[in-house]
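Dropping a structure here in structure tokens format, bear with me for questions.
Chain nomenclature is as follows: A, B, C and D, assigned in order of appearance, with residue numbering initiated at 1 for each chain independently.
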Amino acid sequence: MATVKSLQEAIAENVKPGDSVAFEGFTHLIPHAAAHEVIRQGIGDLTLIRMTPDIVYDQLIGCGLVKKLVFSYAGNPGVGLLRRLRDAVENSVPRPLEIEEHSHAAMANAYEAGAAGLPLAVFRGYKGAGLKDVNPNIREVTCPFTGEVLAAVPAIRPDVAVIHAQKADRKGNVLIEGILGVQKEAVLAAKRSVVTVEEIVDDLGDIHPNLTVLPGWTVTAIAAVPGGAHPSYARGYYGRDNAAYLDWDRIAADMDSFRGWIDENVMAVGPEAFAERVAELRGKM
Amino acid sequence: MAATDFTPDEMMTIAAARALSNDDVCFVGIGAPSAACNVARLTHAPDITLIYESGTIGTAPSVLPLSIGDGELCETALTTVSVPEMFRYWLQGGRITVGFLGAAQLDPFGNINTTVIGDYAHPKTRLPGGGGAPEIASSCGEVFITMKQAKRGMVKAIDFFTSFGHGKGGTDRQDRGITTKGPTLLVTDLALWRPNPETKEFEVNAIHPGVTRDEIADSCGWDIRYRDDVEETPPPTEEELTTLREIKARTAEAHRRKGA
Amino acid sequence: MATVKSLQEAIAENVKPGDSVAFEGFTHLIPHAAAHEVIRQGIGDLTLIRMTPDIVYDQLIGCGLVKKLVFSYAGNPGVGLLRRLRDAVENSVPRPLEIEEHSHAAMANAYEAGAAGLPLAVFRGYKGAGLKDVNPNIREVTCPFTGEVLAAVPAIRPDVAVIHAQKADRKGNVLIEGILGVQKEAVLAAKRSVVTVEEIVDDLGDIHPNLTVLPGWTVTAIAAVPGGAHPSYARGYYGRDNAAYLDWDRIAADMDSFRGWIDENVMAVGPEAFAERVAELRGKM
Amino acid sequence: MAATDFTPDEMMTIAAARALSNDDVCFVGIGAPSAACNVARLTHAPDITLIYESGTIGTAPSVLPLSIGDGELCETALTTVSVPEMFRYWLQGGRITVGFLGAAQLDPFGNINTTVIGDYAHPKTRLPGGGGAPEIASSCGEVFITMKQAKRGMVKAIDFFTSFGHGKGGTDRQDRGITTKGPTLLVTDLALWRPNPETKEFEVNAIHPGVTRDEIADSCGWDIRYRDDVEETPPPTEEELTTLREIKARTAEAHRRKGA
């Protein structure tokens, strides 16, 4: 049953050194505030899982908190490469980074399989693709009806899933709207989950019966962090801070400017800083 | 009426747009593919279905998205589904007629690398990786590729097979049990290429206005073949060019943060 | 691309003798009017697929139009057995009925696999269950990561899916709300589809972005049949006619009363009869 | 305060309701299980989560549904998901603590038949079949069974294994790689039974008020074992009985068609 906590408590109680953690969000609703809390608490040796590691994982990697990354597309969307990630992979700075690389289809299926309690995902994929040769977790299953050889990957079962959502009610039921990504699957696949939300309301109200809702008993901890997805966006609350994504390319270009940014924007502030960051973006969707 | 003043980039986007039809269901990537698909939608193919891998089906954005999951895509979509559903029911389900891919490295058989330059374990440059590309390349009815020509991009042999095109050419693709057509079109800033029906090697089918064969050769790392009856790409019409420029202008305006 | 037709045309053009047809609907939105049209047109030798064949399949079976039934629960919900189905299975009346029987989990997964373009569904099921011994389409797949033996069934890929939905717009986009069942999967898994709807509207309007919508290009034919789910119900339009389900037990008890009911309520009328049947049930949900 | 005037059916439902707790997530079947779950919800377990296989999660119906997918279930649910999702994410996902099953035939090891009486290929009576039961029996944390006692229902050997309980007893269940507990409770109209911890054969743990051992034996087809310290089931409280009768009355009213 979900309990409402401060973000500091929710992260401290649920994310431990050495954990595998999926911070999910597909452009929309990326849990930046929760990741910054992990940086502030210095929780390290993490295996990070995410279809689209973008600047939020560049930050965790640059801080040296990550030993392994499981992913399918690592880029700054619409901008280019991730410089801290590159530095880790190419030069082992600040530490070596082990990678397990998949396609989007594989990871989406693997999260789905995790949510479904299966040990593996079976799908038609990786035909002629080179990842098969470098990732031993890409295997095959033969259809006993048709003989077709299909791709198989292990289900994703993170220790912790961390997501950002629009709303939770007092019972901990969580509402996600708009671009849904794999957040529901990530939470259902994980042993524990932390959900940051824009607001906690008395009840979700008269919502459509088919909306995406995670019942409170499927969630471990909830923390209200208005603006907690910035510079990503939250449908119904605020728009994407495209300029911040463009700026990141310069900030992450070298370790000094990166550390300066982290010191100023993560270490010296708390989750309440996010509300201000989205002030000008409210209503811009 | 044809325009006379346009950039190679504009020609590339417009030539790609023309290859799309009203009945297509198109899996759109960010960048040039997104511009081409939306120009098609705003000109000759108003009923084209555009799908972005973020789960948005039937989108009609007024500005080009900066990311694959911009809010605009969801707000203008017919419906938005989860990402697992997108890859299972829509892409793997065989519902996409055209997949649009870009490339960091491309070989003459339409094989694409967006993973690493150099060795996988010790890369010279770590690129973003494949994302949806490995399955877009195999599950879509056919694949269109757009990229600007450059010798380091159009190479004889790619460093990593992020997504499979025609492999070694000939029947290599079908021999591997892949039933879709694979790359059928390459649009660069200089020319329009299609695979030779037998060898599956890209051949120049049309040269963009004002471009010379030397320019094409100087910016391509492989030995270029030309179809016997190479044509000149018709220049952008005023409508095409205006549509493209307007959506680019709206996009620039929308993506500029107030006061930033 | 969906075209709007009369029900008579939509069925005549899309359901052929010998076809495999899935009329789906999980208590809610069962396409009774479309099934009656199949009876009127005497389209036979059908393989019928449905998780919960209830009175609508009792009717098709009693009329002798069905050679095979693929199903997971065949009962009159809340009432009891299906007497025409029993007569066919136990006594070959009016003709023998071949059956392929699964569990709900197997069929739900098999529809999902059909929609996903896969040849098979893999799930954890049938452990110790007797159906494995009588249904050769229940096989096994071994997980190459864990060694766990999982159940496998062929994907369902019907020739035709027939469903009832709340609304379609002029472009043929279909909206389904409330209890969703497997209707979306059935349509996406089928080669062709017929969707009856309560009403055709100019456009679906300002609906929530995450509602269940089948794009018009995934549907073959649409026919407006107000009340077309009766005695099942359509959320937002009319309630379930529970009394009709209770009555059915008596009507189907013998072949004479069954034929009399079919003659009077199916053969002698057209789809327009359904609107009247739900008149008193409107607003009763 | 205990009630003194109640039917065996009411005692069965109420005894089953008592076995459920506030923290349970319960996969509910139609009939007696549905009544028991909702009585629990309306008395001692207000926060119990009720899930019906039609996709409705966290329902709180004011009347008992006639079918598994009544509109009332959707209207009062926290959320309603598709049936494939129900069986994949919720049942197979291991999120259900208690699955409630009825039975046409039940053996002393909790194995259930709702498929056929007689031979499968040439049945004497074709029953509805398993529906969700095969996987409810294996995926839920534990399984509760309710049925009225009758010699033809409670049999030494069932005609068909629709769903697996404890098989041949002992460790048969875990030997087959099934990791959930299986049937842990059988509530009939006469008694409350639990499997012997070693043999897994049902034993009477409590006898409902006013019921004799002869009555239990006369309506059961297997040799009955009694736990050493058999108790008497506490009779329904006024609150339990009133709650059950009120929901039944509301249900009867709601399901009567106007004018029919």
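We take it that a residue touches a chain if its C-beta (ideal position, glycine included) is under 8 Å from a C-beta of that chain, and two chains touch if they have at least 3 such contacts.
These figures come from a predicted structure and were not determined experimentally.
Averaging C-alpha coordinates per chain and comparing to subunit B, the farthest chain turns out to be D.
Taking each chain's centre as the average of its CA atoms, subunit A and subunit C sit 39 Å apart.
A separation of 28 Å divides the Cα centre of subunit C from that of subunit D. Along subunit A, residues 112, 116-118, 123-124, 148, 178, 180, 185, 209-212 each make contact with two or more other chains. Shown for subunit B are the residues that touch two or more other chains, namely 74-75, 80-81, 88, 92, 139. In summary, the structure contains touching chain pairs A-B, A-C, A-D, B-C, C-D.
The touching residues of subunit B, when paired with subunit A in their complex, are 30-31, 53-56, 65-75, 80-84, 86-88, 91-92, 115, 120-121, 123-135, 137-139, 160-164, 167, 173, 176-178, 255-260.
On subunit B, the positions that touch subunit C within their shared complex are 23, 25, 49, 57-58, 74-75, 77-81, 88-89, 92-95, 139.
Against subunit C, in their complex, subunit A makes its touches with residues 116-120, 122-124, 137, 139-141, 143-146, 148, 150, 152, 154, 177-178, 180, 208-212. By the touch rule above, subunit A contacts subunit D in their complex via residues 1, 112, 115-118, 173, 185, 188, 209-213, 215, 217-218. For subunit A in complex with subunit B, the residues that touch the partner chain are 26-28, 51-52, 71-75, 77-78, 81-82, 85-86, 89-90, 101, 103-105, 108-109, 111-112, 123-131, 134, 148-149, 178-182, 184-185, 212, 233, 235, 239-243, 245, 280, 285.
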